[in-house]
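In the two assemblies presented below, chain A is common to both, partnered first by chain B and then by chain C.
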Partner chain A sequence: SFYIVGKKDNPLYEYTPSQKKEDLNLLQQNQFFVHAALDMVDEEIWKTNSMYLKTVDKFNDKVISAYVTASHIRFMLLHEGKSEESVKSFFLEVHELYIKIMTNPLCDLDAPIVSPAFDTKVRAAARKYFQ
Partner chain B sequence: QVMKMAGKREVAESCFDYLHFAVVDLLHSSRPTPEKELERMGFEVGQKLCERYVRDRGFFADELEIITFLCKDVWTEVYGKQMDKLRTNHKGVFELQDLRFRATLRLSAGNDKASQELARRYLSFPAGLIRGALAALGLPSAHVRADG
Partner chain C sequence: TTLQTRTKPNIVDRPVPRGKSEVGLSAFCFLFSSMVQYLQTGVNSISDLEGKLSEAGYGIGVRMLEIVIYRDRSCKREIRVVPMLSLVKETLWKSMFGKAADSLERASDKDSEYMIHDREPLVNTYISVPKDFGNLNCASFVAGIIHGVLDSADFPCHVSAHSNPMGSEARTTYLVKFTEEVMERERRMTG
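Coming up: the complex of A and B.
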């Protein structure tokens, strides 16, 4: 699952590849893990200068990777151990998409991203790097 | 032979200058609070431009780094040159000086107070731009004051 969290810890975007109904419970759990991992992210950002933070937290068999922009927007990915390289490339590509959509003057930086074009492109990127 | 423009599409900088002049005049003659609106416009532009300009760099370590980034990179991208002077009293107040500020460079006016008042109108948008940039980079409660 992939989440974009804004400056005030508000969720801006969420994408989960799975479609099954029983996973809805899991979805809430995932959101909880990611929220808890935000604290870890806040610690890590002061230790390094780069935007990609690699793995910040572990939960059972899942791992959370993070990427923080200089404007304090966090991209979080909840996964089961994908390769560092592909996660980093995915984050970079989504960052580009994020910038493109945010330069829209009608778009609010603090509001959730609802553009279907953005959604499609993020899904395409996820397929490209994770399949 | 037709010459094609290769590379990025570009627009003359003066287009923005004229647009800015026109917007300032329009707002000042038709709206009750033109400064606030200009400042708000600058704020949104500043925020969004900053998202783009910090694409390749990581976190800012402290305030001074943010302000330096603003003076150098952001100002260069927007106005084509860096800020000329930066002063601080180390207690949170920074003074940024641009000696050849594009927006007011080509205004013809005398040195009297009334002209200065008029010139000051053109500073709302850049002040908002700075405030927006600061907000995007982690200083959301900054106050920006522009002086001619």
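Coming up: the complex of A and C.
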């Protein structure tokens, strides 16, 4: 699952590849894990100049990787052990997409990203790097 | 015959502009002066007007930060005060005004205050302030941009523009006052 988290800890974007009915509880659990990991991310932000923060937290068999943009928008990926290279490449591609959306002066930076084109491109990036 | 409609590509399909394009100074100043005049309606004081100008610049600052660092291709963020201010003084200024700001200095008595000096602020090129407007400085707009940059990178501060003309130069100093939160974090990172 991939989340973009705004400055007020609010989700700006969410993408989970497979959504079966029985996974609904799992989805909520995932959101909880990601939210809890935000504190770890906020600590890491001040320890390095990098945007890619690698793995910031672990839960059972799941791992949370994070990426922070210049304006401190946090990208969180909850996964089961994908390669660092593919995770970093995915984050970089989504960062570029995010910049294209947010530079619009009429874009509310605290509001969820609703552009269908953005969604399509993020899904395509996920397919490209995680398959 | 069928009508051919040209579909404009979506913003996500277009590349991020490289930032080499320039806008005519007169066009920009015309737009800026219109903005100042527009913001004048519905404000009662000089500080209110400066506040509105500053607000107008804030959103630009947030977006400029992302764009400027992206174009740098370094994927690096600044987490210390001085490198962050250097980024503003050099990279941001070059991107907006074509050249770096004149100097960056720390206030002698307070380590939480810094000043960025600009000998001839571009935005004030054709602005003349009547005597009854006191010490209004329209470069408050640029102060707002600086504030947006620093604030979004989690360096909360107050930024204000002050005119200190020297001879024929319309010098402006941007005073950046960081909050105690920032100074404490800096101390922790140094110590």
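Assume the second predicted complex is superposed on the first by the 131 of 131 C-alpha atoms of A that agree within 3 Å, B and C clash if a C-alpha of one lies under 4 Å from a C-alpha of the other, contacts with A are read in each partner's own complex, and residues count from 1 in each chain.
Following the convention adopted for this analysis, contacts are C-beta pairs under 8 Å (C-beta built on N, C-alpha and C of every residue); 3 or more make two chains touch, one makes a residue touch a chain.
From a predicted model like this one, the values you see are computed outputs, not experimental measurements.
When both complexes are superposed on chain A, chain B and chain C clash.
When the two complexes are overlaid on their common chain A, residue A:A117 makes contact with chain C while staying clear of chain B. Of the two partner chains, both chain B and chain C are touched by A:T69. When the shared chain is aligned, chain B and chain C each come close enough to touch A:T103. Looking at the shared chain after the overlay, A:N10 reaches neither chain B nor chain C.
Shared-chain residue A:S83: touches no atom of chain B or chain C. Under the contact criterion defined above, the residues of chain A that touch both chain B in one complex and chain C in the other are 45-46, 48-51, 68-72, 95-96, 99, 102-103, 105, 109. For chain C in complex with chain A, the touching residues are 10-14, 16, 59-60, 62-63, 65-67, 69-70, 75-79, 152-154, 185, 189. Those residues of chain A whose C-beta lies close enough to touch chain B in the complex are 45-46, 48-51, 68-72, 95-96, 98-99, 102-103, 105, 109. Contacts from chain B toward chain A in the complex involve residues 44, 47-52, 54-55, 57-60, 136-138. Touching chain C in their complex are the following residues of chain A: 7, 45-46, 48-52, 68-72, 92, 95-97, 99-105, 109, 115, 117-118, 121.
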